[in-house]
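Per-chain residue numbering starts at 1, and chain names A, B and C are given in the order in which the chains are listed.
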Amino acid sequence: MSDSANTVVVIGGGPAGIAAAACVAENGASTVLIDDNPRLGGQIWRSGGKIPQAKEAGHWLNRFMRSGAKLQCGTRIVDRLGTKSLLAESDRGIQRVDYSQLILATGARERLLPFPGWTIPNVVAAGGLQALVKGGAPIAGKRVAIAGSGPLLLAVATYLRLQGAVIVLIAEQAPWSRLVRFSAKLKSSPHKLWQAILMGVHLRGVRFKSSCWPIAARGESVLEQVEFQSKQGRFSVACDYLACGFGLIPNLELPRLIGCEVHNGFVAVDEWQQTSIDDVYCAGEPTGIGGIDSALCAGQIAGFATVGRKEKARGLFPARTRGKKFEETLAFTFALRPELRQLCQPETVVCRCEDVTYERLQPMTSWREAKLQTRCGMGACQGRTCGAVAEFLWHWQLASARPPVFPARVESLAGKTLTLEK
Amino acid sequence: MASGFDIVIVGAGIVGAACAAELAREGMRVAVVDRDIIGGGATAAGMGHIVVMDDSEAQFALTRYSRRLWRDLHSGLPPQAEYETPGTIWVAADESEMQEVRRKHEYYASRGVAAEILDSKMLAEAEPNLRPGLAGGLLVPDDAVVYPPVVARFLLERERGVSVIAGSAVRAITNDGVALEDGTRISAAKIVNAAGDASPNLTAGVRVAPRKGHLVITDRYPGFVRHQLVELGYLKSAHTHSAESVAFNVQPRRTGQILIGSSRQYGVTNADVDPAIVSAMLSRALQYMPGIGTLSAIRCWTGFRASTPDKLPLIGPAPGTDHVYLATGHEGLGITTSLATAKLLASQITGREPEIAVTPYLPARVMDGEKHA
Amino acid sequence: MPNLIQVTINGQAVTVPGGITVAAAVLLSGKSGIHRSPSGALRGPVCGMGVCFECRVTVNGRAHVRSCLTTCEAGMEISADE
């Protein structure tokens, strides 16, 4: 990277990263945004599909494009090389990424929880099905049940329905009383309220149940039906897809590798979004699950902070405070109920990469012991899926992050560029 | 105060576990204490290679004996122990290393350890993913690999008479047992210090130094490597007292994952993965197996070997005491020699005749007879 | 009208819209399973964003490629577990 002495590097191309990079570049500083996906937008602003971008997404993407910020897609940070130096890998090769300041906007992923049959093909994550469809997977005419927890379920249902899917059920595990209180709070944010009304319009006629969660997925080789538990008892729904996700968990692997302190499961940041490491900032979901508005706000604050525009950053503090309150509201409303810990049978797979079942993990007393004795978490995902499960089921603390952050080619870690093949 | 034990062993790694199982089999009541989980130290970090090495007669005797004990044990191990016998190929890059191959072959063959010289063509057939142009190698077909943390747990749970106290650090070895950090005590007539790189903290005068190593593991590529492959330069790396060195050393695991090593550093005590060392180590591996470059590496980690000045472990009484024994200092051969260590230690405690001479491993050879506090 | 490209999936030629992911191409070809677990269970894509690793396929000879993160290119040779 040229001129690294003054480059602000932003990792993550979702709302937080886009806002941060735009603010940095608009203030004349050199910045590059690095993202793993083929296109900018992260998860929530993922492009693709027949529906045009939400206006807000379009606005920020345009702003980013006009700002002069550089973009590198299809590139993932795999290791840190030194104090202000990272190792990045793409399909084309590796590069050393030096920075004067770093903004981590690595976003979040969905929490998947195991239940009998959750590994059958066509049981997918909620946002995961949306991402797959945006990537070109066919969904028109398919029957989709959506389950789990969080506002994401409604967003996914809306999107899929507009793509021609038949939404047979939306099952939210949170109780109706909390959802009502949540909706009432939305009145204080006209923007969110408007989004909610739009969703209500798009989802008219769709069966929605609260205090409802999946207890078994069934099918010969692909999903055929899902059994649910609700206050009225158990019932089954025939469907082609189950899109199921139980909230969001922050992507902390890169922040941890860099050495950022983590408090209560999120990267600790000061009022300028700076982490415990000098010149390393963090914005968006890794600092708290708050959705688009929080991410945009924190991203801008971090961006302004890196270019010394503290007064502009300060101007966003009230919005951030509101965002923090929204995070708390989200966490309270969609808190996961204890029944979700009781779904597994002894033979239910918990670690998908290594096929480690519930009964083999149950006697373990720590994440590390589970890893060493059963190989849970030692597969390709390195605990991204099963670690979150283990935290929820048994309250195990996960061990520290080791490189590479994502699987990397051996030659990349050897410091060699790509071998051209075929 | 916990009592009723004949022996307390500090360290629930593979060496402590093997000793516990052996002593319990002799009828003793054994307590094993570890500051962390069973097999959580070097036992978890290493390659799990069971190998006969000929650095010295004493090392050869110990590794040969112990490899036989592993062979005797293996059919009783659970499947998660992943015991396999892929054999080792010591790889010779050039003619001068082939001379070493021939010397080793003569040495092994004359001592009853099966070994076969491979020329360049045979080596390429045995391991197609090695680069062309290597001179050949020495195949030692009976060398094995195993997954040690599972074995450590198996050994500790197998015998009645073994109690494990995990998650409790030992503060000190006392006249009649051990004192734990939390204030409790475990009393026993004899104590075994099997605390690996932490053993000097508990017994004065133990010259065990931590020697950091890095490893990288790939995703699953069944058949890419068939044997444990070690460059002959490994021996130079293991023997050197220089600050850091790397050597080509790869291992196929039953899962099809490939374990890539090895590195050695003195004087580094932080456990962070050092990208420069990883880079040097993997670059060395690429020189031998260029195709390994495009494989997906999913994790890097480090561990600390317990190294001694003469590359041999300490097995026997701590000088200046009459009730403390050492079972530590195994450097890169802890897995291999754990079972033999247990036998030799048990023979010294019970007074039975050991199967091989214990003299080369007695701690007194490298320690002064310091009195315990 | 999106441009169409041809890829092969397990030796069979498949025509797909340009720009879709390899995961989508496999799903479009009629498969729901894409990757076998260590015990041989067939799995489909799950997270859609490259963190679950259930969507891995071999692309142009390279194994363990996350198909949900990979865009199809004309002539691509894709092998999925069956």
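Note that in this section a residue touches a chain if its C-beta (ideal position, glycine included) is under 8 Å from a C-beta of that chain, and two chains touch if they have at least 3 such contacts.
Note that this is a predicted model, so its numbers are computed, not measured.
Comparing the chain pairs B-C and A-C, the larger number of C-beta pairs in contact belongs to A-C.
Put simply, the chain farthest from chain C by mean CA position is B. Comparing chain C-alpha centroids with the centroid of the full set of protein C-alpha atoms picks out A as the closest.
Centre-to-centre separation of chain A and chain B, using mean CA positions: 41 Å. Look at where the CA atoms of chain B average out and do the same for chain C: the two points lie 42 Å apart. In whole angstrom, the spacing between the mean C-alpha positions of chain A and chain C is 22. Counting only residues that touch two or more partner chains, chain B has 219, 294, 296. Contacts with at least two other chains are made by residues 379-380, 407, 421 of chain A. The set of chain C residues touching two or more other chains comprises 38, 62, 64.
Residues 36-40, 44, 80, 149-150, 153, 216, 218-219, 260, 273, 275, 278-279, 282-283, 285-286, 290, 292-301 of chain B are the ones touching chain A in the complex. Interface residues of chain C, counted against chain B in their complex, comprise 38, 62-64. Residues of chain A touching chain B in their complex: 79-81, 87, 365-366, 368-369, 372-375, 378-380, 382, 402-404, 407-411, 413-416, 419, 421.
Those residues of chain A lying in contact with chain C across their complex are 36-38, 43, 109-110, 112, 119, 121-125, 127-132, 135-138, 221-222, 251, 349, 352-355, 379-381, 384-385, 406-407, 421-422. Contact residues on chain B toward chain C in their complex (touch as defined above): 219-221, 255, 294, 296.
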